[in-house]
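Structures follow.
Both of the next two complexes hold chain A, though its partner changes from chain B to chain C.
Then we have the complex of A and B:
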């Protein structure tokens, strides 16, 4: 299978002003590489502050990057400028977390869905209204709802508008940034089913950002686990959930409470919080919280090494 | 049998709407025993938090009021109490932690001052003793280096630490009941596991009863002894956690469990679509109608469901308010 998205050594850093003209750099994403196959879903998981959202937004060029390469459908996406970039943006669209703040309250639903076609789409003007109607049907909204404003919709319906907008330019890659976190569980199920149906019908590729491991388990083909800007483990779905190798992944998985009470035994609790991202520790960044740490862990940063064909771990003890 | 610590009888809370009064809590009865954890589950707008606010005597003034029913705490009816009496209970014997640990703390006072304030006001401690006790409490909620962190401001702490501070404040007066309203929703899972661990140990050590409000069935399975499933201001189902989760007797409970993709002990290739509970919670104006309010979203519903409110049916300790409970 061919990779639609190939990210190599992506780094994203932010300047932190320290007063008196001093600036420190916060590496939100530090030398990260991953691929997503066409028609598949790669999830990036991790705690808040791990860099998962920044990595995805960096791929879409919604935040400036500071190094690396993003190959999207054979095109060097990070090298594009001006008009070329504007056109290429049609290939990557984002579904945002908060269906309340991500829709313009002054626009009617149809105008919201149409906006990407007008700004970056290639569809002739005459066909756009028809395409909006088609999108409404695809995401399960009724035609008469096209004239309504966002506040007249429920949270789940708003997220459907957000999905219709993301589909408007016929993108190849859709970034779902915590797309269901703000929804009630029953509505969340409706949206997850819709996303999977659209993927099957339209052959979409998802880069799925979530902190909810149950949802990730359900949606993904591959999973990358991030900790402090680094990928610590990368694997296909079954390997990651049934045979996690990195202590951080193990801790993350065992922290999720489940209705399957046989899962809730032998919890691996990790103490404390991640260290200060402005002064990341030498060696393995997880060492300060790792229950299996030894002296060698604090010397060199572990590389992401393959344990099997589909499974890579950045831990010297894996 | 000993008297329950808290007993709610036929509680009805009405909210003022433009169109009149709507019962946001409709005929709710339940008991909470010392040392146990009772969980409230349901979607937003089902009355979970409203019940908690009523117990705390914190219903929004002029909008919400207790229309009928009793809230018996230690044999006294809190629904009839005036502000002074309530204030003696609130914070002392029943306290509460909220979802958002950032906005619940005052940003311009150190966490030590905020814990000490509670002790000075409720326990009449002097400044020095209250400060010393604040350090002990921070230590008890496992804040590392409590002696120096006691002088930290909320913004200097992580979300998990702030929630620990909230727990320390709530526990300062050794309450008999701790109400935790979605205490970990804003936190990462690893931090959630730490907070749950802490709450469980505290419950065991101090005998504090916990009311845990959540939408996460996994959290219920792990934390609670008994659970109440709320739907549209009414109890849909309640009982001990294991039977309710393993064999729900209400289609709403069943829907809440099966619509979430869970982590299982062993995953397989199989990934069927999630069970959908179609639609959303009905509007407040239709609460209180003599019908099953879940009928519009239920595939078992028939005319009876749409025209008569179902009574509670008992299956041992498990109770379900569904006309078809025996078929589920």
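Then we have the complex of A and C:
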């Protein structure tokens, strides 16, 4: 299995101005590496502010990166400049979280879906209208809805338009940035099934960002758990859900509600809030909240080490 | 049995909904009717009521109604009605063109500052603040005195002192909208920066700018009247402000010569404000009923 996307040591930091000439750096994503195989789904999970969305948008060059390497289908994506980058954007498309702010309210649905084709020029002009109609059908919208404006659609329908737009340029990688978290449960299921069907039919590769472990379990082949800009655990789905090694992952999994009484035993609670990201602690970043913390945890940052072939953990006790 | 309505929904653009909303606002519609009447008078009035407004037709400062002159005569014995009709065109033209200059400068500065941020924003916003702290009347008087009191110069002077408000609104809207997901989506779709600014963000930033521009027409008319009152105007052109300014010395003997054009300015600016408020309500999605 070949990796479509190979991210190495990606870092993304933002300047925080503090008065005259003083700038601190906020490391939203700190030295993160992962691979996604063609046709598979890698999910990145983590709480708000863990840097999962920033990492994904950094891969798509939608936020400025400050170091690392992103190899997409054999091309060094971070090295592309101006025109080359604009053309290469056809390969990576994003499905956004909020179906209400992700569609331009002044454009008709067909124009929204058509926009990437027009700007990147992936198809001859004459074929674009036909492609829009085809996309509408693929995502389960009716042809007469093409002329409507975004505010005339429901949340689920709007998300379908967003999916059609993401498919317009025949991308190899689709980033689903919390693509279903703004929808209610019934609609979530429809959209998730649509995403899976499209993946199967079109051979798509997903980078799936979510905080909902139930959704992640349904969608993923591999899962990366992020905490404060770092990947703390990386594994295939079965290993992660059956044998979580990092205390943070254990806590996350124990928080998933389940109807199965036997699974719902020891809730592992983590106290407090994440530490100030502008002054991350020495050593393990989870040390301040970890129930199993030792003195050694506060000395060095644990590296992501392989426990098995498919399972890596950044914890000295794993 | 229940009938299910399966007729396809009709496409309704955000602007057609705003228009619907505007139509339901009676004050705004009345304002629009008054404004349109004034515009029509300004356009076809000179044909319906011919005669050179600068001809001296009767004794100076004769009260309204005498000798068939509806609004009397001014201090040189010129027909006030004719002056008012010709003045309408001048005042409205100055108002609209000054608002246009304001909007063009304001949108350009505000859009660049709000979109590019960084040093571009720093430089442009310092420039905006510089213009904002200048005393507007004084600065425009300086421009007009230096470069001559012609109508285009007066228009330009009004535009030059009033754009900071538009620039700041535009910048604020750009800063808000550029962070919305559909702008990120457009960037992901390979849309170029100039297209992002002008055809993705600007159309969505327009509503408050349109309101500001409408109100700007009214304040530009007032501004021009103020400059004219102070004598900074082309004496060969009859604007409403100029009529007031030239008759102001006779205010105690013939108050009508100042009052009549004053009322004309008042009605026009009020009509523009009503329309502006109506636009504000209609274009503000938070007030729009679904």
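Just so we're on the same page, the second predicted complex is superposed on the first by the 317 of 318 C-alpha atoms of A that agree within 3 Å, B and C clash if a C-alpha of one lies under 4 Å from a C-alpha of the other, contacts with A are read in each partner's own complex, and residues count from 1 in each chain.
Operating definition for what follows: contacts are C-beta pairs under 8 Å (C-beta built on N, C-alpha and C of every residue); 3 or more make two chains touch, one makes a residue touch a chain.
A quick note: this is a predicted structure, and the numbers were derived from the prediction, not measured.
K.L.:
Putting chain B and chain C on the same copy of chain A, do they fit or clash?
P.N.:
fit
K.L.:
Would you check which partner chain A:62 touches, where first means chain B only, second means chain C only, and both and neither mean what they say?
P.N.:
second
K.L.:
Just chain B (first), just chain C (second), both, or neither: which does A:104 touch?
P.N.:
In the superposition, A:104 contacts chain C only.
K.L.:
On the superposed three-chain arrangement, identify whether chain B or chain C touches more chain A residues.
P.N.:
B
K.L.:
Could you tell me if A:86 is touching chain B, chain C, both of them or neither one (first, second, both, neither)?
P.N.:
A:86 contacts chain C only, not chain B.
K.L.:
At the CA centre of chain A, how far apart in angle are the CA centres of chain B and chain C, to the nearest 10 degrees?
P.N.:
So the angle at the centre of chain A is 80 degrees.
K.L.:
Kindly classify A:302 by the partners it touches after superposition: chain B alone (first), chain C alone (second), both, or neither?
P.N.:
A:302 contacts neither chain B nor chain C.
K.L.:
Answer with first, second, both or neither: which of chain B and chain C does A:186 touch in the superposed model?
P.N.:
Only chain B; A:186 stays clear of chain C.
K.L.:
Touching A:51 in the superposition: chain B (first), chain C (second), both, neither?
P.N.:
A:51 sits against neither chain B nor chain C.
K.L.:
Report the closest approach of chain B and chain C over their C-alpha atoms in the superposed model, as a whole number of Å.
P.N.:
8
K.L.:
Which chain A residues contact chain B in one complex and chain C in the other?
P.N.:
none
K.L.:
Residues of chain A touching chain C in their complex?
P.N.:
By the definition above, chain A touches chain C via 57, 60, 62, 86-87, 89-90, 92-94, 96-98, 101-106, 108, 115-116, 119-120, 142, 144-145, 147-149, 151-152, 162, 165, 168-169.
K.L.:
Using the touch definition up top, name the residues of chain C that touch chain A in the complex.
P.N.:
8-9, 11-14, 180-182, 184-192, 195, 200, 203-204
K.L.:
Note which residues of chain A are touching chain B in the complex, please.
P.N.:
Listed in rising order, the residues are 47-48, 154, 156, 184-190, 192-193, 196-197, 211, 213-215, 217-219, 237-238, 241-242, 251-264, 267, 269-273.
K.L.:
Which of the residues in chain B come into contact with chain A in the complex?
P.N.:
43-44, 144, 158-161, 188-194, 196-197, 215-219, 221-223, 242, 245, 255-257, 259-269, 271, 273-278, 280
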